[in-house]
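The letters A, B, C and D name the chains in turn, as written, and every chain counts its residues from 1.
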Amino acid sequence: MVLNIGIIGLGFMGSDHVKRVATRINGAKLAGVCDLKKDLAEKYAKKYGAKVYENGIDLIDSPDIDAVMVVTRPHETHEQFVLHAIEVGKYVFCEKPLTLTAAGCKKIVDAEVKHGKRLVQVGFMRRYDPGYVEIKEAIDNHTYGEPLLIHATHRNATVDETYDTSMSIIETAIHEADVLHWLLGEDYESGTTFLPKKQTKFTHSKLHDPQIITLDTKSGVHIDLEVFVNDQIGYDINCSVVCENGIINLRSPFVTSVKKGLHDSTYIPADCTERFKTAYDLELQAWVNGVLADKITGPTSWDGLVAMVTCDALAKSRDNDAKRIPIVLPDSKPALYE
Amino acid sequence: MVLNIGIIGLGFMGSDHVKRVATRINGAKLAGVCDLKKDLAEKYAKKYGAKVYENGIDLIDSPDIDAVMVVTRPHETHEQFVLHAIEVGKYVFCEKPLTLTAAGCKKIVDAEVKHGKRLVQVGFMRRYDPGYVEIKEAIDNHTYGEPLLIHATHRNATVDETYDTSMSIIETAIHEADVLHWLLGEDYESGTTFLPKKQTKFTHSKLHDPQIITLDTKSGVHIDLEVFVNDQIGYDINCSVVCENGIINLRSPFVTSVKKGLHDSTYIPADCTERFKTAYDLELQAWVNGVLADKITGPTSWDGLVAMVTCDALAKSRDNDAKRIPIVLPDSKPALYE
Amino acid sequence: MVLNIGIIGLGFMGSDHVKRVATRINGAKLAGVCDLKKDLAEKYAKKYGAKVYENGIDLIDSPDIDAVMVVTRPHETHEQFVLHAIEVGKYVFCEKPLTLTAAGCKKIVDAEVKHGKRLVQVGFMRRYDPGYVEIKEAIDNHTYGEPLLIHATHRNATVDETYDTSMSIIETAIHEADVLHWLLGEDYESGTTFLPKKQTKFTHSKLHDPQIITLDTKSGVHIDLEVFVNDQIGYDINCSVVCENGIINLRSPFVTSVKKGLHDSTYIPADCTERFKTAYDLELQAWVNGVLADKITGPTSWDGLVAMVTCDALAKSRDNDAKRIPIVLPDSKPALYE
Amino acid sequence: MVLNIGIIGLGFMGSDHVKRVATRINGAKLAGVCDLKKDLAEKYAKKYGAKVYENGIDLIDSPDIDAVMVVTRPHETHEQFVLHAIEVGKYVFCEKPLTLTAAGCKKIVDAEVKHGKRLVQVGFMRRYDPGYVEIKEAIDNHTYGEPLLIHATHRNATVDETYDTSMSIIETAIHEADVLHWLLGEDYESGTTFLPKKQTKFTHSKLHDPQIITLDTKSGVHIDLEVFVNDQIGYDINCSVVCENGIINLRSPFVTSVKKGLHDSTYIPADCTERFKTAYDLELQAWVNGVLADKITGPTSWDGLVAMVTCDALAKSRDNDAKRIPIVLPDSKPALYE
């Protein structure tokens, strides 16, 4: 059985998913594409034998499309497509962030709960990264005792002029907001965002860079996270979990090392599609397998909501002199997501 | 379009390929299986919705099977199935070694040449490993100047009692025999196999372990290779290419590191399916893509023959006090393989 | 010319210095020792041909002693010996902390200023560690642009029952309080100490472990420091300086790596005398050279005072719910210390 | 007690030892220097308060000199000074190689045996390197079972025009010839030197570079050694001892790592005085301590002879098409050296 997939949005991440679905995922077929840039849609359609749709709604409605991927920019456009997919009862994979507001996420959660069945998976691919998976197994198995602290960095080589101070949280730290509480298996209690006085000369007037975030969980695990999006060195993701009996560190993958000119060096990935290539592949394969089996298991709308509520608290802290802000989730997690 | 694949042989490697084809390869469908152990065939057939065939010949002949994978043990059984697949004109992927004799390999090459079209791909998966690929790119691009020397190790955690002295070459070193001349883009001139007086206590009377192999290429690159199949530490594959301007080293993949009890450590894979998981996946995906496009590009029957001729020379050296033995290929490479 | 050195205090650090002075430092001679434990003094005196003194004051006063090292415990005993050495005009090396209060440090500074010549060197050995020195050179030379952030950890394998919550700052973090502003070449603006809710089970009721400290410098460099003194893994000192154009990391020294049982591992030092052996040697050699040349250059009484003022601010923050506390130095740095 | 040391020869190594003796060794005093280049001798004498001697013989004969270091170039000049020191009964430290012929070494051994007391220490500093020491302890304690194989590389960044093919053995491989059998605690049985056809473009007509050496010990441990003296990358010394239960690797020391421009890198030392700085210091300290105690323990004249006999066999193999050459020591080791 082959799953006919339609992809809405063919930008940086969308085009990466197009290639993935068309050439690397078992049981998947790229059946349809659409983008505001028609020529882009035509290009991929031709290359992989898919159909071009006029717009996302048409694609979702098409009887030739079994399941939908929403990879549109700007991110606020996610919401309408995800809601429409729920309405017509189709499985939908939505790149992170689910939407840009907690209210929007809540609307999706409510729609899905009303529908009565999980249809939405959010693109928090790090949960599929072999490194994070290995750390989660160690934590779940208490291999090194109880986790006490996490030190994390989320660094990008560079960002463009449209990336502003708010995006350090909502575009970037959101990954850690999701993956770290998932690692620990518990919710956050509070968070802070501190803007150090000294910034890199490689930033611009609209972007405070770097930023320092902390999160504390219900049980009291303390997390610090450096967000630095103009590091000039590459996409440098680190995560060190300090446990009672040992420390487990995420390691950036490399396949060779080189000795040259008085230095022995290994490679740092240039961006997220390179660093998390395996994670993205495993994520999509799991989603396709889940849809074909009519039972998906990946990050939920609720996870999307939790991440956004967390980001909101961090933004509030940033705007209030790094004050500690409680992270309060809506009433209770619907049974659908247990 | 989906490729219906039949797999003959469901042992250690066969079962690994079954899972790969059935769950990780785009465009592939596990359509048929067979094995002397019927219950094994029934098990996988049931699990993945494939058909059980009485024997390899029936599977190859079946109109429901588009392409064939030969993963049988002992390896001398490869030959008949590969030849039959060529006879009926079906694409066939054969695990290494292609057969156990140069004469057998030559028979396959001749059959394929006579057929007039490449149908056979040999399972030298290392050519797809991202590490070796990165090294090959560096060599091809002269990134570090000309290659001068290669130091390699091929180490296994342990082997069973059926593994004897000859297998260190024909089962183990054969991987390097293939991948190293492919890396360098040239043929071997000669080789030696030296049996050091001191052996590990973990070996048995039929197995001299470790063994030291050298290979020299036509241009004069000198290679040394340690084959040690009871290393007690894991599957430890190393390859260091010493060039004029730098040294590039293959690095074993790991995704976390752990600090514990006065040590900071990373993981060493336990076996080849773990170490080369990505390589096996890429290999099969490339094969499936190639078959679907009616043009395969992976390791050829000729490569299988070259590896076996190399192994024969190394065995001769081993039996002649480590004498340097010329490595002489048959007359000339058929045009089919250029 | 040989410097006759007398050492007061022969405990863990004192005995380490005894061995250093007697066997590894050029131009040094262990001339005298004293300790409340007479047998200890007798032992070292006999072993290295030194004289035993009744008490520290006698040792300082002795014409046979050219220069003095104060390594006594508890640390509040430092003050009297250092003041006495200044009084009699002898060079004195004092292990850190100089004393346990800012007032005590100020008294020493004042005495030294009144004397009109530098006589005191404080045992902040990290300034001599080749790793920190390499980092300082990179910062001073702007090799990687301006420093923006520092992430540091100060971890001990374990501490005994006498080590309480206050000591995480005054015994442990004091090293970073000194070395990090020295690295950056500027003073601190403010600091915080946060006690995470979740603690290790290996601590005891009088010790909150781990603790998280932050420091911000005048120019706005932000520092976070994990102090974890029951890490169970060893003496694990890390320091990562995030600059505009690159990140420089302190690396723990090791001289071999071992592959064994599916792991490739390197050694983590057990304690500070092992980790900073080279730094201690270089520190003492520099001190002896300085004394023989009648011009010492190492960490000053003022540095001892700055460290203590910093520790006081951190302690105040710890006792006030992690409130940010300004770090305010006494009026101005005396010319003696420029 | 202070040892008055005279140093003959103030070139690259000699000047390094001058600084060491004058500023880093406990119990040592630089008392005298001499060199054919008078101005060099004057410079160091002035800098460190030592006396200049007209020639090596005068220096050795001087009642103001307690012990002598011979660091002259060319190496054949070592012999006369060492023999003269023995004649007058003074301790003498001689840089490696002891002399350039086995006959010359034998003459020194005979003179020392006749004198009846060890007076000569040869500068095989690697025996003092903490990495090699750690490996030796592991071998001696059978920590990882029996050693089976050793892979070693001895690489230099570059050499000048006076360095020819013979020196790859006699100047460079001689270090491994000494240290590897010392590590293993046994003598060599045979050796080979192979000149690969392909050489680096950075060599010149008188120098075949790289070269491949093998050594087999009496018990059957097999060693391979790459000598590559124009590697363009630095002074890259590796030694991997493959044992039955694990593999222990020498690691080049570094104190920081840097992330910059898509690479994470560590430093490779530029030359031997940088790589083995600690080893040289420990070596000299041990020698001074030994002389002051009238009982030296470092590498002996016999070790110098063994190294030279080994080099002679390797040279013979090189000149005989890489033929395996037995390594035969003179009759028996004199009791003096047990």
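The rule we apply is simple: contacts are C-beta pairs under 8 Å (C-beta built on N, C-alpha and C of every residue); 3 or more make two chains touch, one makes a residue touch a chain.
Since the structure is predicted, the reported quantities are computational estimates derived from the model, not experimental observations.
Engineer: Between B-C and C-D, name the chain pair that shares the greater number of C-beta pairs in contact.
Structural biologist: If we tally the C-beta pairs in contact for B-C and C-D, the bigger total goes to C-D.
Engineer: Relative to subunit B, which chain has the most distant C-alpha mean position?
Structural biologist: C
Engineer: Please tell me the distance, in whole Å, between the geometric centres of subunit B and subunit D computed from their C-alpha atoms.
Structural biologist: Once rounded, the distance between the two centres reads 44 Å.
Engineer: Using the average of all C-alpha atoms in each chain as its centre, how far is it in Å between subunit B and subunit C?
Structural biologist: Computed value for the inter-centroid distance: 57 Å.
Engineer: Using CA atom averages as chain centres, what separation in Å is found between subunit C and subunit D?
Structural biologist: Taking the mean C-alpha position of each chain, the two centres sit 37 Å apart.
Engineer: Identify all positions of subunit C at which a residue touches two or more other chains, and write them in rising order.
Structural biologist: 232-233, 236, 245-247, 259-261, 266, in rising order.
Engineer: So in the complex, which bits of subunit A are touching subunit B?
Structural biologist: Contact set of subunit A toward subunit B: 2, 22-26, 28, 129-131, 134-135, 138, 144, 245-251, 253-261, 266, 278, 285, 289.
Engineer: Under the definition above, what is the set of subunit A residues touching subunit C in their complex?
Structural biologist: Spelled out, the residues of subunit A in touch with subunit C are 145-149, 151, 153, 194, 196-202, 210, 212, 216, 219-222, 224, 226, 228, 231-233, 236, 242, 244-247.
Engineer: Going by the contact rule at the top, pick out the subunit D residues touching subunit A in the complex.
Structural biologist: Result: residues 157, 232-234, 236, 252, 259-270 of subunit D touch subunit A.
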